[in-house]
Amino acid sequence: MAKMKGAIVVDTERCKGCSLCTIACPFKLIRLSPTVNHKGYNFANQIDPELTCTGCTACAVVCPDGCITVYRTQMA
Amino acid sequence: MAKMKGAIVVDTERCKGCSLCTIACPFKLIRLSPTVNHKGYNFANQIDPELTCTGCTACAVVCPDGCITVYRTQMA
Amino acid sequence: MTREDIIKQENKVAGRPSLMNDMPMHYCPGCSHGVVHKIVAELIDEMNLQDKTIGICPVGCAVFAYRYLDIDWVEAAHGRAPACASALNRLWPEHLVFTYQGDGDLGCIGTAETIHALNRGENITIIFINNAIYGMTGGQMAPTTLMGQKTATCPYGREADLHGYPLHMTDIAATLEGTAYVSRQAVDTVAHIRAAKRAIRKAFENSLAKKGSNLVEIVATCSSGWKLTPAKANEWMAENMLPYYPLGDLKDKA
Amino acid sequence: MTREDIIKQENKVAGRPSLMNDMPMHYCPGCSHGVVHKIVAELIDEMNLQDKTIGICPVGCAVFAYRYLDIDWVEAAHGRAPACASALNRLWPEHLVFTYQGDGDLGCIGTAETIHALNRGENITIIFINNAIYGMTGGQMAPTTLMGQKTATCPYGREADLHGYPLHMTDIAATLEGTAYVSRQAVDTVAHIRAAKRAIRKAFENSLAKKGSNLVEIVATCSSGWKLTPAKANEWMAENMLPYYPLGDLKDKA
Amino acid sequence: MPELTINLKNMTEEIIISGFGGQGVLSMGKIIAYAGIMEDKQVSWMPAYGPEQRGGTANVTVIISDDTICSPILNEFDTAIVLNQPSLDRFEPLVKPGGTIIYDSYGIITPPRRADVTVYCINAMEEAAKMSNAKVFNMLLLGGLLKVRPIATVDDVVRGLRKALPERHHNLIPMNEEAVRRGMDIIRKMN
Amino acid sequence: MPELTINLKNMTEEIIISGFGGQGVLSMGKIIAYAGIMEDKQVSWMPAYGPEQRGGTANVTVIISDDTICSPILNEFDTAIVLNQPSLDRFEPLVKPGGTIIYDSYGIITPPRRADVTVYCINAMEEAAKMSNAKVFNMLLLGGLLKVRPIATVDDVVRGLRKALPERHHNLIPMNEEAVRRGMDIIRKMN
Amino acid sequence: MKGNNEQDVVLLKGNEAIAKAAYRYGYDAFFGYPITPQSEVLETLAIDKPWETTGMVVLQAESEVASINMVYAAGASGKCSMTSSSSPGVALMQEGISFMAGCGIPGLIVSVGRGGPGLGTIQPGQADYNQAVYGGGNGDYHCIVLAPASVQEMADFMGLAKELMFKWRAVVIILSDGAIGQMMEKVVLPPYQPRRTDEEIRQQCPWATNGLGLPGRKSNIMTSLEMDAPAMEQLNLAMERKYAQIQQEEVRCECIETDDADYVVVAYGISARIAQSAVQRLRKEGVKVGMLRPITLWPFPEQQLQQLGAQCKAILTVEASQGQMVRDVRMAVEGRCPVHFYGRSGGMIPSPTEVYDKLRAIIQ
Amino acid sequence: MKGNNEQDVVLLKGNEAIAKAAYRYGYDAFFGYPITPQSEVLETLAIDKPWETTGMVVLQAESEVASINMVYAAGASGKCSMTSSSSPGVALMQEGISFMAGCGIPGLIVSVGRGGPGLGTIQPGQADYNQAVYGGGNGDYHCIVLAPASVQEMADFMGLAKELMFKWRAVVIILSDGAIGQMMEKVVLPPYQPRRTDEEIRQQCPWATNGLGLPGRKSNIMTSLEMDAPAMEQLNLAMERKYAQIQQEEVRCECIETDDADYVVVAYGISARIAQSAVQRLRKEGVKVGMLRPITLWPFPEQQLQQLGAQCKAILTVEASQGQMVRDVRMAVEGRCPVHFYGRSGGMIPSPTEVYDKLRAIIQ
């Protein structure tokens, strides 16, 4: 099976910085930002320079606030 | 053991003629009277010409209205 | 020997318990409530608890229990006797606090109060008269009404789709951590009455010993509600109720 | 391949369910309620039930569930959601009727309504969020609070004598004749979330197929009430709640 | 409506029927009321209700009137039908002067003593036993009532029964009619 | 009571303190109120309560007065202490002309613009970080407040703390006093 | 049968009339719990099995608390539903009634009063006037309260209640008592009206929470919760406007010979029937006495009473209570003439003679 | 601390003051269920653990229905007990309150109002006046209703409530609101009073159902049931006499500058504090305005208002509701002068300026 490549988009204004996605990601690709959003939360950010993300959706599944959209495609 | 002789006294005005004592008596010594008491119930009566009653208290135990007093003594 | 020789005060071996007064009971002929009242009166007397007991009456046919037993009584609102008992248990910890409740009172409107009092392990005894019907209000369906049984509000017989299933409150009680002793008894025969008395005695003893909550169900008759004679009611009970509500101890922590 | 190549509409594999609107949820960071909302939204969508569903909100933190899922909702009085659901089930027999309730709502003030709706075999689903605390009112003791657990109303830890024992409503539900499917799940991990979703799907299917009542307990966190971070709350739950409230199906009639 | 009108014009008849529970007191009252309806009269039927009637007495107040009936609850009555001693004791003083008392001797130990009312006796219990049909007891009483207080015709009663009884019991109507007529025969004036 | 009276006579000071939940807004208000009590003044402390404060803003209205306090709920304030932008946005317009706004620059993106009030800035968040003690954050603010609105003395605050804190935390009082004094130092007038 | 169509005239208890009128008027559901003196409502429904004919749902609930919350949800979804109970049972419904009022949920509560307080007696009483008219639920709200004085009105008001509850999205209470619930009278039952179809509900109750029409519309939410105080106040003000309109449009009362009256008796329900005896007797004796019988207890016939207050020498309020409605009478009359009271309580009902005597005493 | 003994002056929320006063005044028990804005009562008790010191029982009940029935039983046995709740929670207590009144059982309900109806808002409200004063339980009964306007009064009225409940065998309601429950003020707590001993209870409450003294006396029975209507009526009449006496003896109100007032504001609780600001401002402006603050809402200061009605040009009632107490004011004034109303609702509280403006408008 071809290898999957994924990426996520976090709705940072909706994010409450609970960090559950950071724990759920098997590759620990998500971090909380040092800066806060308008509501004052340190929101989540994907840090994935090497495109390690497989689009496994774990982060999206655990996010209580539905902030994460996951995209996935077969590696070209 | 000496043989027991018993007798009962029914508070006929309190009796509601439910007949449960008549069923409970192992010797069937209790009957409902054909006449009614003031409240209109056919009250219970011990019919025991031969002093068969052993004073076993079964009738008193089952009487829901506590109408029966049981007396018992050893046969002389 | 004549009857007169036998009927002497010193020969008295059974009669109305001394705690039960002269007031004629309002119950229908043959009603199980009367038998249970007698047992309770005897036990409080035997255990010498008259000044250390608070009884709690339900709303149901036993609403007037307070008229017949010479102890202090609180008449609870429909279903709330266990809440009353909880308060009294905590405020009068050395007292025997018991409730006396019907199936509608205990298992329907009072479901929450019953379960929570039992699960808190209040040191109380609940005497639960299960006659599978609402006696007082004229024979409506109770939570314990059997499938197919006819009542004023299920005149064609209880059906699952329309009326749901009978509720086994005593079985639930036995699963609760707070209960010490849970038992199901009947009062249709001398043997059953004696066993029921033993069960209630154990429940009272547990309550006083602060072992937790105690519930004794009495499978009972309601000849008026069932539209049977008292004798037939006992038979119907033995044939129909007991298989569904089998007698015996369901839980005994001690 | 760049991020931009991947982030294209046609590559979207997960995101906020379409039935869940934009309204930011009022829940605290990491609150389990949000995860369960998502599951429910996905299922109603997948099962194509938007116009055939009536949701019933509790009084509890989920009181505002109605703001977030685009279905019709009835906000019940505290504890009365199962009574509401019973009425709606009978009046809208082809609809999916579900309640969403906290432990206080379902297992304390609503004990009677919960047990009776379930025992009547109403064709409904009860989703029961057990976070062992009263979230909304600021962290008071719930019926499901663990022994020793500290809350605003048992600040020195829950003690049997003072506060009674945790109540196992789901276990009681499983003993009731009216229930078809009773299950306990959690939403702390991806695997648990997927299992929880399967359980709720089965419950929904049973409800629609008129198989009887269904209850899915979700062992949940309340980081605010527990005074832990969301991550620590998940850990505390796994360590303390799950041994006491073990996951799995308790009853499956089918 | 003159063609069917019977002898009491612009009348109001206030009746109490009282006995033990189970004696058919309530349904007798209902049949009287239905008969009244057949005469296009106003009627009211007000039972003593509640658990205190358990094993105790049952009673019902029936009013038949050409006028609107104001209070269905009364303190005094034109006619009292009493079937046991406690009922007689309670209601004898409440009959209006010139009124009527009907009693069944079976349940009555001390008969009514008032001189300012007309007293009738009907041995309905006995008669029902003779007919070996306890169910007609109250129909016999009803017949007696109609004889002495012709508030409705036997015809009305039959038509009323037809309305009051479910279809499947209509076969019992002839027997009941028979009992009503028998009741008219056996009632006796006592003073 | 002249011996202890400080500079505001027959005063009433109406203060709003507003920030995120968890910033110690409520307890700061409480300490101010306690300090007021030490001056034998009337005080009231009225929080915004309920679940809407969850993750949102927390605020408390504190009134210190020589007179009886009528309404504990106010529509305008003498002094506003605002710790984040939403709080500033909400309360800036509600400060009385001639009143005072104190803000912590950490949470504020657009500083207050009103010319008819005196605006102070205090970098309490930064300072607390410097002192590596997040707990003294609100004590720093309090110091700033007392500097510009001397409604109580530092002594009052210390005595108030002694009353407000459980015995076992009294060891923290010197550190808090220190922070109050530091707060007095670092507050700056901005207009 | 003469005047009437024989088919339709029946002899029924008030409680039975309620039950039979319910399915004939096309009510969708009854939820209730047994309590004397109204258990015949549920019992009659159980015997008549309307679920097999009109499709009406009948359910014995686990308590009055459950009943009222079933009515709440049923009404929320656009169905026409009801419960019935008596004094302490109605007390248990107060939270639910307040919720219904807060949401604007249509529904009917039939309250068949006995003598209180507490368990009191099961004999008839009118001491639940405050309970119905002033509520005991929390907040500013009103229920429309109808007071039938005959078995016929028990039946008829079922139709009126249905109309009013949907017209105003209001809780309607039929406040009866043990006497009217238990007595039998002739009654003409209404012809069968079909229950509303789903489509009719969708059209007539666009606010109802039943999914119908989704996703073509915003989702419907039935809640009385509004955390934002200014928004909540607006909701309250909107309710107030509705209540003011109801007070304008829905006052109903019966005035009997009040036009020239020097004295007026005010009484409702069973007391009105009794008082009427006394009034008739006095009229025959040449005294100018009239009677005002409020049919709606809320909205209360205030204007009518203001007028009578100005016209009369005295007003007598008669109730089977220690005096509850009399406060509303006094409030309306505002001192224009003396307002007297006669009442019996605890299951006792005033007698025509007592009312007559009281009136005579006032007149002298 | 100056004027006061430093030991005793503390800064407390109204809810905390209730809790601390409870065990200091020797209450025997608290039973309650969490609800905003009064959960601090139970929470404070849980923290302070009075069961380890005074022996006071504290129990979180399974619901408000359970709570009130616990208070019922506790009071029946002669103990001094209480519960506290807020709007919908109090609605659920109505049956229990009616039972208590019917039996003459002493007990206290602290009702910390929010905005209704239904769930409404959790912000402060005074829309539960009817709920407290007119009940919603069945039957003819009254509770003594105390309306504190400060945290100090929250504490003080705990003592008064204890006194009144036993003096009259009555249910006492402290009707507060979210503002007074949540605000902190200075408060002087009462000194500790010991709880009554069994012997004291036996002597002071010979009616109590606790077994004490048996068999030397008849058994005590606490019931509101009396199937016999004439007997029930006698019980009702006895209660009426008690209520009449309470109305004679227990009216409490605060009159502020009413002696020469042309205009009077009537307000209680939080609204009274607010209205007082406006009154002071107008007095400074030379207008003869006074204020009457009812402290007992039942019994209501009717006589005082009758007098003021005769004296004043107008009366203004201010409430945080759509107007509930104003009915009682109107009833007392009986048209002697115009009675105006100003209210906010749904969690909104009138402001001093609004009251001032309203008064100014009335004066012109």
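Just so it is clear, A, B, C, D, E, F, G and H label the chains in written order, and each chain counts residues from 1 on its own.
Criterion: a residue touches a chain if its C-beta (ideal position, glycine included) is under 8 Å from a C-beta of that chain, and two chains touch if they have at least 3 such contacts.
Just so it is clear, the structure is predicted and the values come from calculations on it, not from any experiment.
The minimum number of touch steps separating subunit D from subunit E is 2. Set side by side, A-D and D-G show the greater C-beta contact count at D-G. Rounded to a whole number, the gap between the C-alpha centres of subunit C and subunit E is 42 angstrom.
Centroid to centroid, with C-alpha atoms defining each point, subunit F and subunit H lie 34 Å apart. Listed for subunit G are residues 36, 59, 62-63, 65, 88, 95, 99, 103, 118-119, 122-123, 223-225, 227-228, each touching two or more other chains. Each of residues 16 in subunit A touches at least two other chains.
Residue positions of subunit C touching 2 or more other chains, listed in rising order: 27-29, 63, 75, 77, 108-109, 111-112, 116, 137-138, 143, 163. The touching residues of subunit G, counted against subunit H in their complex, run 65, 87-88, 90-92, 94-95, 98-103, 113-123, 125, 127-128, 130-131, 134-141, 223-237, 240, 321-324, 327, 330-331, 334-336, 344-348. Interface residues of subunit F, counted against subunit H in their complex, comprise 1, 4, 30, 33-34, 37-38, 40, 42-47, 49-51, 68-73, 75, 163-164.
If you check the complex, the residues on subunit D that touch subunit H are 59, 63, 75, 77-79, 104, 108-109, 111, 134, 137-138, 140-141, 143, 152-156, 162-163. On the subunit C side of its complex with subunit B, the touching residues are 1-3, 5-8, 11-17, 20, 24-25, 27-35, 38, 187, 189-190, 193-194, 223, 229-231, 234. Every residue of subunit C that touches subunit H in the complex is listed here, in rising order: 50-54, 56-57, 63-64, 66-67, 69-77, 80, 83-88, 90-92, 95, 112-113, 116.
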